[in-house]
Amino acid sequence: MEFTAEQIAGLLNGEVEGNANVMVNTLSKIEEGATSSLSFLANLAYEEHLYTTDASIVIINKNLSLKKEIKSTCTLVRVDDAYQSFTKLLEVYNQFRNNKTGIEKQTFIAESVTIGDDIYLGAFAYISDNAVIGNNVKIYPQSFIGENVKIGNNTLIYAGVKIYHDCVIGDNCILHAGAVIGSDGFGFAPNKEGGFDKIPQIGNVIIEDDVEIGPNNCIDRATMGSTIIKKGVKTDNLVHIAHNVVVGENTVLAGQTGISGSSKIGKNCMTGGQVGITGHITIGDNVKIAGQSGVSKDIKDNQILQGSPAFSYPDYMRSYASFKNLPSIVNRLNKLEKK
Amino acid sequence: MEFTAEQIAGLLNGEVEGNANVMVNTLSKIEEGATSSLSFLANLAYEEHLYTTDASIVIINKNLSLKKEIKSTCTLVRVDDAYQSFTKLLEVYNQFRNNKTGIEKQTFIAESVTIGDDIYLGAFAYISDNAVIGNNVKIYPQSFIGENVKIGNNTLIYAGVKIYHDCVIGDNCILHAGAVIGSDGFGFAPNKEGGFDKIPQIGNVIIEDDVEIGPNNCIDRATMGSTIIKKGVKTDNLVHIAHNVVVGENTVLAGQTGISGSSKIGKNCMTGGQVGITGHITIGDNVKIAGQSGVSKDIKDNQILQGSPAFSYPDYMRSYASFKNLPSIVNRLNKLEKK
Amino acid sequence: MEFTAEQIAGLLNGEVEGNANVMVNTLSKIEEGATSSLSFLANLAYEEHLYTTDASIVIINKNLSLKKEIKSTCTLVRVDDAYQSFTKLLEVYNQFRNNKTGIEKQTFIAESVTIGDDIYLGAFAYISDNAVIGNNVKIYPQSFIGENVKIGNNTLIYAGVKIYHDCVIGDNCILHAGAVIGSDGFGFAPNKEGGFDKIPQIGNVIIEDDVEIGPNNCIDRATMGSTIIKKGVKTDNLVHIAHNVVVGENTVLAGQTGISGSSKIGKNCMTGGQVGITGHITIGDNVKIAGQSGVSKDIKDNQILQGSPAFSYPDYMRSYASFKNLPSIVNRLNKLEKK
């Protein structure tokens, strides 16, 4: 895809300063801008790069007055809000990226499947009996859609996602490569022989609208009922969510976070990386949990936590500062005892 | 699948109270029971729900005398033991679920493969040279079975599992989607150029009978010899098991547990989520390790551990209670010193 | 594959002592050696096993004088350096293993793809538009190569790897099963409705030469620019690398390590298992980080760290020793206060 400065100005209601016919085929940061790339200047802390960048086009604000000459190879496109305009371009760019449609030949589609309009279905994707696929859904190669799975409109499923039977995915979701949705909950009952009998896991996973699930995540189905990922939740890479968990609206889980069975997480929470949450607890709304912390009991709204087990973040930091000094604290105690 | 109350009573040797023709097509918890669902009451703590549930059928004990009227939409099936009967139904339900047989068209099966009776092989599955697949094995779509791999009878391999060459999987195992079995151990020797030479990893993984491996687990092959997952082991989501590890019988590893190379874990152990076990150590039988703990040395039988590095669980909790109070402890020390 | 003692001696410039026609078909450790296996003795601590091993062939040094008789079933091959010779055999063995070539029938190859010589492409692999595949590359079944991806010479991609569009993989790399390269960075901007808007992720991942990526790793593409995994890096199972991270040459990341967005890791570093590194920090060269530690700030060269947050390893161990004694320390303080 190549665009001229004139085409970009047209798209953004901007004005060209320089060569209107210069072409770009990629985007760059202004400090790394190379020939044939388009960049932007929104934060004036980066203004110096405007005068040295090799980017072929830079988007800047209409009201910015230049302090020096820019390179002769650089064309400006002036707009009302450079940041917003660049974001708009990013979206256009991504829509071009993900504009695949059609059903490739080497797919498996069970007869009983219901498929919406304008979908993309990549080769080696497998759609099981009674699955219902919405409009404008894109399912990349090698994905597996189990029996009775429902997928809402405009949802994007990358390569190699595996969705077990009976799960429900909402509208406008993104599921990244290798994510597993609806695997069995980890439930076993000790038996007389000293081993374990499997407790059948007959629930499902419900992922509501506007959710993004990271690559190689594992979200287990409920034992009975549903594991629920509510509207607007975002999960990072390698997140583990156990059976019967509920993750509240717009909660964000960073990489390698793990949530044990039946815990309920509130709305607008954030976990740092590698956070662990034990089973059967309830965490309120707007809770923030520092990376590597382990939450082992119910938490009220608006808390900020750290530690394993986790408690108040500022208290943890104070205790940890003393922990670093423990050998000298012990020395002081030794001295006092001698006196 | 729909069943009448009469059919269910027949299956369970039970007696119908109410409309014998009412139909159900799913299972539910009694407190969440909806029309057309079947539920059960075993724990009398939930008895109140019996009188308000919308479930169409509820299984209860023969000797339970009702305290109030139940809803007119609710049919009872009375049995000797409601919990056992419900478990039996779950198993029947799951057998219906997993009753696929036959080899779908778009599979790859090398000529030298040996395949047992009554297997299911989903589309886009790949079976390499000299693999041996037992009877009644189910291999879901997009799974990869490497050269010389042996898979025992009645084993269930979900979508997208990858098993490298020479690995051995026992009878009655379940491998969840995305699990990787037999990837190279992480072994490198420093070379003269400051980088690393790969140490060839020529061993394999042996998974014994009755093992369940969670989704997106990674179990590395041994450098030489075998990484061994013994009979009855269960692993949760995203577990990491390195080369030459041995996990003892009926040991249970919770989500995101990681075990480094050459460590031996005993029988009937349990790890909490995100536990880490260092390399080349031996952990005894019946050891329990709290979530997020890190075990760095040999551990005797029957220990309960917490911390990173881990030590006795009650001692850790006592130390951690003092850790929370460290700032006030330091204050007290300051005061004493002033005196 | 079967080899005689004579063939092996020929390959290694060695001399046979015993039955030159005895055949082996596998490799073993000398202490576990079984009939038809080949073993070696390099470390004299294991010499006793030489006289009892059931291995059919053992490679030993020319200058080793036997202290006892070996078993009559055991043939020796004497060489200048037994360890080096065995390593050479391992490499030959592995080359036999991975000697697949040719393009299997059920693959998807877009028309615009460029493919080098002597490649192997397994069934159900998918190669998207404009991908460029080097010479002697092996792509195992069910892998996904996105649009514009470039893969260097001699690179080995195991089953089910997913590489998103625009990513670049160097020469002599190994990507293990289930690894995801180039998934979206985890970037969201809060919106007026209390939810999050996705920040388009238009960068890529660059993996340089001689890199080995473990199974089910997730390496995110940069928001803009590149996430870079430099020459010689090795990652273990289930490693998470976020957008815009740079991992320096020959750095080694153990299992379940996670690195947050935009952090830069130096050369020749090593992380233990389950290490977490926060975002936007810089870690120097030759830094070693103990398992389960969390690094939260810039780190200079040559440091050894532990803790969460991490500080100097010996200091952490001293503090942790006192932590274990905290209850008795508090007791001593109590006693002093009473006085």
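In this document, chain identifiers A, B and C correspond to the written order of the chains, with residue numbering beginning at 1 in each.
To be clear about the criterion, contacts are C-beta pairs under 8 Å (C-beta built on N, C-alpha and C of every residue); 3 or more make two chains touch, one makes a residue touch a chain.
Everything quoted here is computed from the prediction, not taken from an experiment.
Asks: Given that chain A and chain C are copies and touch, would you call their interface same or different according to whether over half of its residue numbers are shared?
Replies: Result for this pair: different.
Asks: Please report how far chain B has to rotate so that its Cα atoms sit on those of chain C, a copy of the same sequence, as a value between 0 and 180° in steps of 5.
Replies: The two chains, chain B and chain C, differ by a rotation of 120 degrees.
Asks: Distance-wise, how many Å sit between the C-alpha centres of chain A and chain C, to the nearest whole number?
Replies: Taking the mean C-alpha position of each chain, the two centres sit 26 Å apart.
Asks: Could you tell me which residues belong to chain A and also touch two or more other chains?
Replies: In chain A, residues 106, 124, 142, 160, 178, 216, 238, 256, 274, 292, 308, 323, 325-326, 329, 333, 336 touch at least two other chains, as defined above.
Asks: Can you check the complex and tell me which residues of chain B touch chain A?
Replies: Listed in rising order, the residues are 27-29, 32, 87, 90-91, 93-94, 97, 104, 106, 122-124, 140-142, 158-160, 174, 176-178, 210, 212, 214-216, 231-232, 234, 236-238, 249-250, 252, 254-256, 268, 272-274, 291-292, 308, 320, 323-327, 329-330, 333, 336-337.
Asks: For a test of understanding, state which residues of chain B touch chain C in their complex under the given definition.
Replies: My answer: residues 106, 108, 124, 126, 142, 144, 160, 162, 164-165, 178, 180, 183-184, 186, 188, 194-196, 198-200, 202, 216, 218, 220, 224-225, 238, 240, 242, 256, 258, 260, 274, 276, 278, 292, 294, 296, 308-309, 311, 315, 318-319, 322-323, 325-326, 329, 332-333, 336.
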